[in-house]
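Look for chain A in each of the two complexes below; its partner is chain B in the first and chain C in the second.
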Partner chain A sequence: MSARGLRWIIPLAVVPVLILLGYAFKLNPREVPSPLIGKPATKFSLKTFDGNQISLEGLRGKVVLVNFWASWCYPACYEEAPALERGWQAFKDRGLVVIGINIQDKDEPARKFLTEFGHSFPNAPDPAGRVSVDYGVYGVPETFFIDRAGNVRYKHVGAVTDAIFKEQAERLLGERS
Partner chain B sequence: MIPELGYAATVAALALALFGCIAAAVGASTERHALVVSSERAAIGVWLLVTACMLLLVYAFLTFDFSVRYVASNTNRGTPFYYRITALWGSLEGSIILWTWMLSLYTLIVVGQYRRRQPKFYPWVLAVMLAVAGFFLLVMTIPAPPFDRLTPVPADGRGLNPLLEDSGMITHPVALYLGFTGFTVPFAFAMAALIIGRTGDEWITITRRWTIVAWYFLSLGLLIGGWWSYHVLGWGGYWAWDPVENAAFMPWLTGTAFLHSVMIQERRHMLKLWNLTLIILTFGLTLFGTFLTRSGIIGSVHAFTQGSVGQFFLGFLALGMLGAFSLLAWRLDRLRAHSELDSVLSRESAFLLNNLFLVAAAFTVFFGTVFPLISEAVKGVKVSVGAPFFNLVNIPIFLSLLFLMGIGPAIAWRRASAENLKRNFLMPVAAGVVAAAVLRLLGVANTVVLVCLALVVFVTGTIVLDFYRASRARRRTGDSWLEATWGLLHRQNRRYGGFVIHLGILVIAVGVAGSQAWSVQTETSLERGQSMELAGYHIRFDGLEPSDESNHFKVTGAFTVSNGRRASAMLYPAKKFYPQEQTPIAAVDYRLGLIEDLYLVLGDFAQDGSHATIKVQVNRMVSWLWIGGLILTLGAALAILPEWKKPA
Partner chain C sequence: MRALAAVALLVFAGFGVAAGAPATGTAVDEEQVREIGSQLRCVVCQSMSVADSPSETAHQMREIIRERLAAGDTPEQVKAYFVDKYGLWILLAPPRQGFNLLVWVVPFAGLGIGLVLVAVLMRRWSRQARASAPPAGPVDSAMHERIKREMSEPDR
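For the complex of A and B:
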């Protein structure tokens, strides 16, 4: 390369930095590896909005998806709400349970949210915030996938999509308990 | 209706900016003046339309128009009036409007100032500035539309991030953005200089004042950010090397380097290439800062929501940096220096070293900030780089910079003689050494603090000596002390404005060193009526008071504090519970003082008020940071005054 040609190294010097920054889009800084993965899920027992009692222990042998949400959390909670209902409808007969846990919310808007999206899976408020603390919930929505043996296997931060729901549900349902 | 009008204004402004940019460029290259005139009308139109966007959004906030997503996300019916206005820039979309508005305002001033005075530079400056404004308007049109509708319309909004309900919220972003956008002007002149091939010193002389203004606002924004962090976040510090703090600090470092290196070019016609590189980097880093905050690639307390905004910013950053550096490469032949460095002992080399250290600091901060990305890309391991790294690397750099701050302004140009060195530095060095010895005897054991304070005394010595000699010289002509001082500040405002800014930095350095070395804290649980003691303060817990505020629930603790020196007083740290937040927000209470602040943060408490945990800090010398900021303001004001001209 001639000396005149070498000058074009100046602008090219910024390229590696740009590539690094571009690569960063593929990462998610909020996706902090949860220390709960692979560990037994903390037990909880809550009273649902319908007045029934639901406990994690009673669901041993099923794949459980625990979704933490709030009515003020948009857009993410509003985006994932239909996907959760669709997933529940598709997989409930194969041994999967979806549990919604409503945190840091008021009763009335939370119920309105459930009616609006026609959620038919069990949903319970977490009045003292204990369950969300036990699960280390950082922000809503966060979703935990628990296998048939009661171990947390996957944590999803942000809105759950149909694809993620299906992928994790198929994987955990495919395992023998 | 409002959202549609706002959106239409945004699109119209985008079209005008693009048209103006092209018209100015074509007008300049074909010398068709009419096109430049119409581009300048476009610039005025952009400003009017962006102003309209801002007003429309403020109106939507004031009328609780929750059909606008941005309004619903950042207010609720309880948000106090005052914060409904500042909520305008409380989050991503609105902050882009504020940014664009400031940029369009700067463009307007450029039109007013240089239309006649700089006919060669002006059209290209306009083209560059409108191109930048066009990009921000594109962001407002596609990835971050502030007037986006929300259906169904919620009954109430989510509310502003409670941490933003503070007076710092008005001033911090405004100052910071004025600084960030301000660097666009010298950048645009630099680009114009490269395009028209007038790569001499003109663009530097023209933009000198602009650089100081941008630098000053950026400094102010950083300091207000520190003050905000100190009195709102409740951890008792003002700087955490958070990625986004770093993002604002990097252009400050390169901007400071630029501010100094242009002086060598003006005086000695050296460093042309270097100065262009510095301004391009500074502008690039302001964009990088915005990119970092808004792309969501790095977790930070400041991070805004994510979306495709990041990709737009990265694209523009790539375009801008590749374009600017390509122009530089194209004009490389014209960027040769007219003179060379004569001696290592000269002002030029002191300034060069200063530049080297500042750029090294910027590089280490950059490296530390993006290191988590590199680590994840290369090894797949998530790491975070914290204060220890940044402190370890930067403390020696900043101490060296303090030293150079004493040398640079006082050493001779070209080649310093032994006589010059002795005359200007003997006394200040002696003062620094004596100060270090005295402080050591007084019990200051921390080496870094000792070195820092000795350097501060040394630099102050050089400034005082310079000022004393200059005013003595004026007094010989018969002026009184007052006249002599005023005359110096007034007639050599640039030099002495710079000195006043240096004094401000010195005061800040004392604040940083003192607060890091001498602050003490403790955390303890108190029964009602029980007292504790820290650093001579007695603190008694008197009880808790719950209250319902317009948009949150608040529990306030009452503490009586006393020490031997000051009358006893009540402090009321509180915890605020916002329905939309997971964790309660601490409301700090404090007593500020010149030497020390008493700073209380309420921790956990029993609901019946029988006991409470309290964090007590005695933070020393923190006020010096804010005082330094005021001195900086005075210095900057002095430095941008028009040059005094001798009456003809």
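For the complex of A and C:
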């Protein structure tokens, strides 16, 4: 085994590096997998902008969509807002609830946002960030789909579209708990 | 927030009455909060710890650390809570166990192997160089004369 005989191996050293780079460049560094999928959704109880108390526990048996948003989150939160309202209108009679949770925001612009889009589903601020950390939220918008049994089934990062809303709502509403 | 402050006030007042002095024993060690925060990734930042970030989210996370410590959690339990919610990604340093152990071991192993390889090759090369050099035979007197003459000649 002379040094000359092994020389052809040297260029091969780039192969693992190329494989690693090829793999890593395909990943989206902003997309962090949530460990919460399949696990029971953490309970929360918040006071809505209207002054009502809303708690996740009281919604067991329904499919719940929890949407984290902020009024400064432009454009994604503004893009998804109409889709959320449309989805809520379309599915509320079939046992689906949409809850908006306003995080990292101020009261006045948040209320203005809600008025602007005419949101009719419950929306509540999370002033201390407890609920957002409980849900492992790292940016807005993020949306969690919770099944009838109270488990987190799907997390969507970025603006929710009509298609995503419909697909997940149909899937989870179709399940019997 | 206000409710929390009220609760904290009540708790402190309770302790004050019970101990007859301001409760300092129950106060959370800020150094410990910093220590835990420095090991957690600030989720809204790029490569910054919860302890270092001035962001609102990091501030809230420090508050949660404080609250959990005050409730009697150990630093390990506090970190486990965040890992539970965000995954191992939240830890700035991957844990030294399982598959992640590779991240810690491979660089040092690579360095060690590299050093051994260099040492072996250097020894081999120097031995080869010695072996392949033409034998340095004795210089006879005629050659000696010639070298002397040519060295003293001016360059043309």
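Just so we're on the same page, the second predicted complex is superposed on the first by the 147 of 177 C-alpha atoms of A that agree within 3 Å, B and C clash if a C-alpha of one lies under 4 Å from a C-alpha of the other, contacts with A are read in each partner's own complex, and residues count from 1 in each chain.
One rule holds for everything that comes next: a residue touches a chain if its C-beta (ideal position, glycine included) is under 8 Å from a C-beta of that chain, and two chains touch if they have at least 3 such contacts.
Quick caveat, the model's predicted, so the values are computed rather than measured.
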| item | value |
| --- | --- |
| Contact breadth on chain A, by residue count: chain C or chain B | B |
| Partner chain in contact with A:104 - chain B first, chain C second, else both or neither | both |
| Chain B versus chain C as contact partner of A:127, first or second or both or neither | second |
| First, second, both or neither for A:24, with chain B first and chain C second | first |
| Contacts of A:136 with chain B and chain C, given as first, second, both or neither | second |
| Touched partner set for A:86, first chain B, second chain C, both or neither | neither |
| First (chain B), second (chain C), both or neither touched by A:72 | first |
| Which superposed partner A:8 touches (first chain B, second chain C, both, neither) | first |
| Which of chain B and chain C A:47 touches, first, second, both or neither | neither |
| Shared contact residues on chain A - chain B and chain C | 32-33, 104, 132, 137-139 |
| Residues on chain A engaged by chain C in the complex (per definition of touch) | 3, 32-36, 104, 127-130, 132-139 |
| Complex contact set, residues of chain A against chain B | 7-8, 10-11, 13-15, 17-18, 20-25, 27-30, 32-33, 70, 72, 74, 103-106, 109, 116, 132, 137-139 |
| Chain A partner contacts - residues on chain C that touch it in the complex | 1, 4, 43-44, 56-57, 60-61, 63-64, 82-87, 89, 121, 124-125 |
| Chain B residues touching chain A - in the complex, by the definition given at the top | 73, 150, 152, 155, 158-159, 284, 291, 295-299, 310-311, 314, 317-318, 321-322, 325-326, 328-329, 332, 370, 372-374, 376-377, 382, 579-582 |
